[in-house]
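Down below are the structures I want you to see.
Consider the two complexes below, in which subunit A is the common component and subunit B and subunit C are the respective partners.
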Partner chain A sequence: MSENVILIAGPMGAGKTTAIRSLSDSEVVSTEADNTEMDRVNKPTTTVALDYGEIMLGDEDKIKLYGVPGQRRFDFMWRILEKRALGLIVLINNDAEDPLGEVVYFMEQFSSIYQRGGMVVGVTRSDIKPEPTIGDYVIHMDEHGPHAGVPTFTVDPRSKDHMVMMLYSLLMNIEANQGVQQDVRVSQG
Partner chain B sequence: MFAYHKDEEFCSNCEIELNSLAERCKGMQAAAIVSSDGFVVSTFGRLKDGGNRLGSMTSSMQALAEAVHEELGMGDNEYITFKSSDGNLVMSRVHDLPLVITALFNDRETVGHAIFSVKQTVDQICGGMPK
Partner chain C sequence: MSTLKPSYFIGFDGDGLNARPMIQTMLEVSAVQITAHWLLAIDAKPNVIICSPKENPQTQQQYYPVTVSLGDLVEPERFALPKPFRLMQLIELLNGIESHFEVEQKPSSDPALTNDAIITNQVIMAQGLWSEFADFLQNNIVGNPRPGFITIKLSGEHVATIDLAAQQYFRVFNFIKIVSFKNVLECAEVANLPPNPDLDGTSPFPLENLVWLAGLVAGGGKAAPWLPDDKQFMLKSWPNFALYNHNMKMIEMAAKLTKSPFEVSTLAQDVEANESMVWNFMNAVSLLGLCKVIDPSAASQIRPQTAIDTGNQTQSNVSSLIGKLKQHLMKAG
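Up next is the complex of A and B:
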């Protein structure tokens, strides 16, 4: 059986904990604390270390899902967890103050995963604020990073179907990128 | 949720309690009281970045310890200790308040005395809360 680690990152309030609860086959381990920044993000609790869940894909492949805290003061957890990660789902709430800036920020923070083609983006809360559009995100990421074509979706983190679709897309993208890299090595060899 | 780190009087009282802890424990090198979501309420001693990073790490460690306790059905977490060649770090939740205290002791301080003293400070912080 193979086991791989996928991270879920993004700003506070984007729906990371909800997404892991939607995806996980097992009871989710959460590390929630009372949120004292209610003036910034209106939710009672916030993740301060990680969320952890697991999902089986078929009989053989187990995905370990780690949600990381959204606040930048917890970025030491990002550095610890990214070392083990095969891929990254970035969730961005479209009603954030600067959603396009946020997506580039997380692209840069997890640049090692992004550069090997292991990142997908899920835009949440676009029912509340429809803009920027998916096209805006794609153009913005292409302008700020060397690797075009980060798969980008509108998702509802409460929907298991949406999140599974994103997870499969991420895994297939990683597999395709690994294949391309192997082809390049063979042609160079 | 009340933001203790924004209450100047409470922060000042916590600073007094940390100084008192340092008086009782001559081997205490540094300490911080932080909100459970990682904001610094008060510090003692020299800490990098004003203790902000330690504050976030304390919050994460306390939450992880509580998650392990819950997973194993061990009841409530009382305190966490880290032992190194140079001394001990003690972390404890401040009873039912959304606060965590962390204190670093050198090897002149026994771990038993360090834990006992941190618990005293926790009681004193809670004893001084407005009724």
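Up next is the complex of A and C:
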């Protein structure tokens, strides 16, 4: 758990690779191949293994950013990475066929991270399709899982400011959860 | 990227509802070619209603009759949308309807009924009390979409326009500068778009962004008039920080307030901020409807909104990581 791994997940076309490029201090390692699902998502290439980037914190520490492929046939990788991850950024493109279903899908796939308050949601392409709204996402997540107060924002993955805000909110949320749990443990003796 | 243009709403009736998903997609891809800002009606009264399809006996093709309405003008089946849908046909239809509306709204001899008629005109803020402007936004504008515009003048200078139908606003420069002034602020509701070369071609901002800014300055570092100063507060959900001017302290406050209720003084200590900054934040989130006010006597009954306890193995790791990330971000500017 001391590896400082942050996962970036979401359906194909949500902007995961772009988000890692916005955050990373080093050149991003991408494994892109021709998109064979052009009928679903209109982009020429897609990630087939992992995207990897880093945020260097001083000389020794770093946050490792792993972008996991969006296609569900790669979900075996998610299980492996979930065990190592401190937190999870889920990006959902609002113009997807069922964006609310997508967020619940990733919430369930990464349930252990979600349940310990380590998930943040970024809704992309809301300028193209404004609905569902952020409020709709929050209500939908609360209906489908234990209330974990997931920070949820509309974001542009090309914006470093937006991505840093998401990462910072994620870490603050994890820390606040831990603080409350510690208070509860103290009060229970 | 949209620019300042009139807004109208589209509704559906009967089997016309089947056309909704296709119309939504077509509006998205043709926004640049359509001269007005067309939105699918949710709560607002539609200006265009797409009705159940009929068959054209001459061509044997189906078409959707279209009813148009604007103010007192209601014209059933004046226009039609042929099926199968073609993008250019929708663009021509909507641009045709907008031209029709313009003709119908030509100035009459009665000045009270002209395009530029001012529906209401009031001085919102006479003495630099931004809470009055925040109240005005909350009670008259937010969640009340309707045709028309609000012009905002600061000491006589036109600085922003609210598009009431689209619930967006346009501003001549960063509004955070405007809210630092303590001048006379005047708002007028007008039927038609007032000319302002400074606003032509500018991009709109969501209205919540203006509400947030008004909330931040409404109390001047103290509780705004609508917030009690002796209670605890909690957040129902996180503010959408991507839309609002914010700083790291506000993110820290949101993380804590979504878990447990806090008094302002305690929260200020916890996040190492001035109480005035915490009040400004509380005023803004409460104006957005995100804040719960809790009586201190009931606060102890509230179960903290926290996730599953994972033990304290990662506690120091996360705190240390946050500290290093903060330093890193400050260095990066």
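One rule holds for everything that comes next: the second predicted complex is superposed on the first by the 179 of 189 C-alpha atoms of A that agree within 3 Å, B and C clash if a C-alpha of one lies under 4 Å from a C-alpha of the other, contacts with A are read in each partner's own complex, and residues count from 1 in each chain.
The rule is short, and it goes like this: contacts are C-beta pairs under 8 Å (C-beta built on N, C-alpha and C of every residue); 3 or more make two chains touch, one makes a residue touch a chain.
Quantities reported herein were computed from a predicted structural model and do not represent experimental measurements.
After alignment on the shared subunit A, the placement of subunit B and subunit C results in a side-by-side fit free of clashes.
Applying the stated contact rule after C-alpha superposition, one finds that A:R73 touches subunit B and leaves subunit C untouched. In the superposition on chain A, A:I55 makes contact with subunit C only, while subunit B stays out of contact range. Applying the stated contact rule after C-alpha superposition, one finds that A:S111 touches neither subunit B nor subunit C.
Which of subunit B and subunit C touches more residues of subunit A: that partner is C. Contacts of A:S30 after superposition on the shared chain: subunit B is touched, whereas subunit C is not. In this overlay, which is a superposition and not a single complex, subunit B and subunit C have their closest Cα atoms 24 Å apart. Every residue of subunit B that touches subunit A in the complex is listed here, in rising order: 1-6, 35-39, 52-53, 55-57, 59-61, 63-64, 66-67, 71, 98. By the touch criterion given at the top, residues 29-38, 44, 46, 48-50, 69, 71, 73-74, 76-77 of subunit A touch subunit B in their complex.
Taken together, the subunit C residues at the contact with subunit A in this complex read 24, 28, 237-238, 240-243, 246, 248, 251-252, 254-256, 258-260, 304-310, 312-315, 317-319, 321-322, 324-325, 327-329. Note for the complex: subunit A touches subunit C at residues 1-2, 4, 55-58, 61, 63, 86, 95, 114-118, 128-129, 134-135, 138, 146-156, 162, 164-165, 167-169, 171-185.
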